[in-house]
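Following are the structures in question.
One chain, chain A, appears in both complexes that follow, with chain B as partner in the first and chain C in the second.
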Partner chain A sequence: MPQSSVKMQVRKASDQTIIVDIQGEITSAAENLLMDAYTQATTVGARNILLNFNDLEYMNSSGIGLLVTLLIRANRQQQRLVAYGLSEHYRQIFTLTRLNDAIAIYSNEQEALASLN
Partner chain B sequence: MTENEQAVRTFSLPSVAGNERLAAKKIEELLRPLGLSLRLLERIKTAVAETAMNAIEHGNRYHEDLPVTIETEITPGSLYIRIADYGGQKDTPMAEEPDIDAKLAGIQSPRGWGLFLIHRMADDVRFTTDKERHTVELTFFLVREGDSDFSI
Partner chain C sequence: MGNISPETEATEKSVVKSEASWAEPVSKLTIADVPAGAISLNLDGHQVVGPLQGFGPMWQRTYRVRLSGVQVSPEEVVRDWKENFARFQPSENQFYPSLAGIQPGEVIFINTRLIYFPGVRGLVPMKSGVMVLYSDPEMFTVMTPEGFPISGWNTFSAFIEDGCTVAQVQGLVRTTDPIYEFGFRFMGGEGAEDKVWFHVLEQLAKHWGVQGQVQFHKVLIDPCIQWSNAKNIWKNAAIRTFFYVLASPFRWGARLFKNRI
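And then the complex of A and B:
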């Protein structure tokens, strides 16, 4: 398996909302970090998980598969997944794959947080 | 290179995990003089990376000594990219069309988006095999900066 070229930071936006800042590449190599970030968010009782893609450099088909896995876990826990900061290209990929049916997409953090109210 | 010139260029990469990014980067460098729209360039890079990843993983099974060969042919209206590996003994598998609802319901695996992306990013995709090599030909209709891109 290739070395992970991604960093993730989990930060609290409110009692029920956690933001995961993603920096780098979402590929199969990101699996452990992404699932660890999700576990951290769930452990503190997050109902809303925001994925910040502002610093996403690359995402491939394996990365899309990881997001689907994350979505399955979040659905089981009745958590809401939201994404923001995607480039036009990756927004288009979310549309083609219909990931955007299940993960609401916003332009920026402010809009994403406002959508939760 | 001018619009009327036709050029064929070939390079190869060892079958090492992660080299699909290198393939996409080299293609981007090769195409830079054409002034393609960013949208088209992103589609090309994604299709090349996914196809190269399949070649490395499924065609050459990560055997570093087996190269993945990438040939680009630029014509006035189209770009052809042929990505070849040494998996020619096998038939091209028929991939199940991924469906997000089926995946979320656990009916399909969460994975399996590669061929789907390749088909959606390229304007045409063709597969050929012989006894030795398996080749995927990606076709893109050329759109330059400032042109409209209605292909997807």
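And then the complex of A and C:
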């Protein structure tokens, strides 16, 4: 399988909210890192998971598939998955793939955090 | 001219690469040209849908074949796959790519037959198609329209694993409505779907001179049935095709009548 060229950092925004900073490419090679980040967030009891796409360099259709899988896992744990920092191009991809039906998209971290209140 | 940092340049290249690989956003499919032999039915004006909009449990189904003993790159495999996409299908599945071929945003018209009795194939005609959602040198993905038997994406890719090129079909799909779900569970639909992709990968391997052993793996991503999407039944492509075929004599008669006036 292709080598992963993505870094993910998990940070706490509040007791119930975790932010996953994504830097690099979301492809099938990112699966383990993305699911590890999700597991870390769940382990500390996060109810809200924010995906920060500010430093996203590239995403292919396998990457979109990973986000669907992540969304289903989060829904089954009654967690809320939110995205922010997407470029206009990737916002359009979320719309095209109908991911925006299930993942709320915000422009920046402040807006995303405010939406949780 | 201002200096551009390597990071900025790399980002700009990524954006260009990405924009060229993805289909343009569309709210509904618009069919302009229909390839010879194809029929545009259950496509025009239909939205494309992903696995979130389907009805049945969500599965990730992966089929792969190792092209052992052949010196071929993933890019060559995928390039060839795109060119022979229709040819690798079983005879009961007629695929008609548009003249532009497998390109983002293009529609592949499909004329097939679905199950009616267990173990018997081909009694219910179904005409529809899929849209190429994504395409790059190492993979391409198709997305289904409303009314198609499955809702979701199928990704066709090739990659190197342990020094060997592997060709793979991976679907992230749900059945679209209760009728299709019944067909998949109880009328042999699921097995028929598997047979199609086994056949495709065997043909692909044969094309490269390999007697391929197809491996199959499925993962249940979401066991839930989305009852709120049971309404998808109104756009069921098999039912609509059935009525289209049933009404054919009336259409011919009307055309004849029109020509005589």
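The rule is short, and it goes like this: the second predicted complex is superposed on the first by the 117 of 117 C-alpha atoms of A that agree within 3 Å, B and C clash if a C-alpha of one lies under 4 Å from a C-alpha of the other, contacts with A are read in each partner's own complex, and residues count from 1 in each chain.
We take it that a contact is a pair of C-beta atoms (placed from the backbone, for glycine too) under 8 Å apart; a residue touches a chain by one contact, two chains touch by 3 or more.
Note that the structure is predicted; figures quoted are calculated from it, not measured.
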item	value
Fit or clash - chain C, chain B, common chain A	clash
A:88 touches, of chain B and chain C: first, second, both or neither?	first
Which of chain B and chain C A:76 touches, first, second, both or neither	second
Touching both chain C and chain B, counted on chain A across the two superposed complexes	1-2, 58, 60-62, 64-65, 68-69, 71-72, 87, 89, 92-93, 96-99, 101-102
Chain A to chain B touching residues, read off their complex	1-3, 58, 60-62, 64-66, 68-69, 71-72, 75, 87-89, 92-93, 96-99, 101-102
Touching residues on chain C, where the partner in the complex is chain A	10-11, 14-15, 17-19, 21-23, 25-26, 48-53, 58, 60, 133-134, 136, 139, 141, 143, 153, 155, 157, 159, 161, 170, 172, 221-222
Contacting residues of chain B [partner chain A, same complex]	17-18, 20-21, 39, 42-43, 46, 49-50, 53, 98, 100, 103-104, 106, 109-114, 116-117, 120, 152
Chain C-touching residues of chain A, taken from the complex the two chains share	1-2, 25, 57-62, 64-65, 68-69, 71-72, 76, 87, 89-90, 92-93, 95-99, 101-102
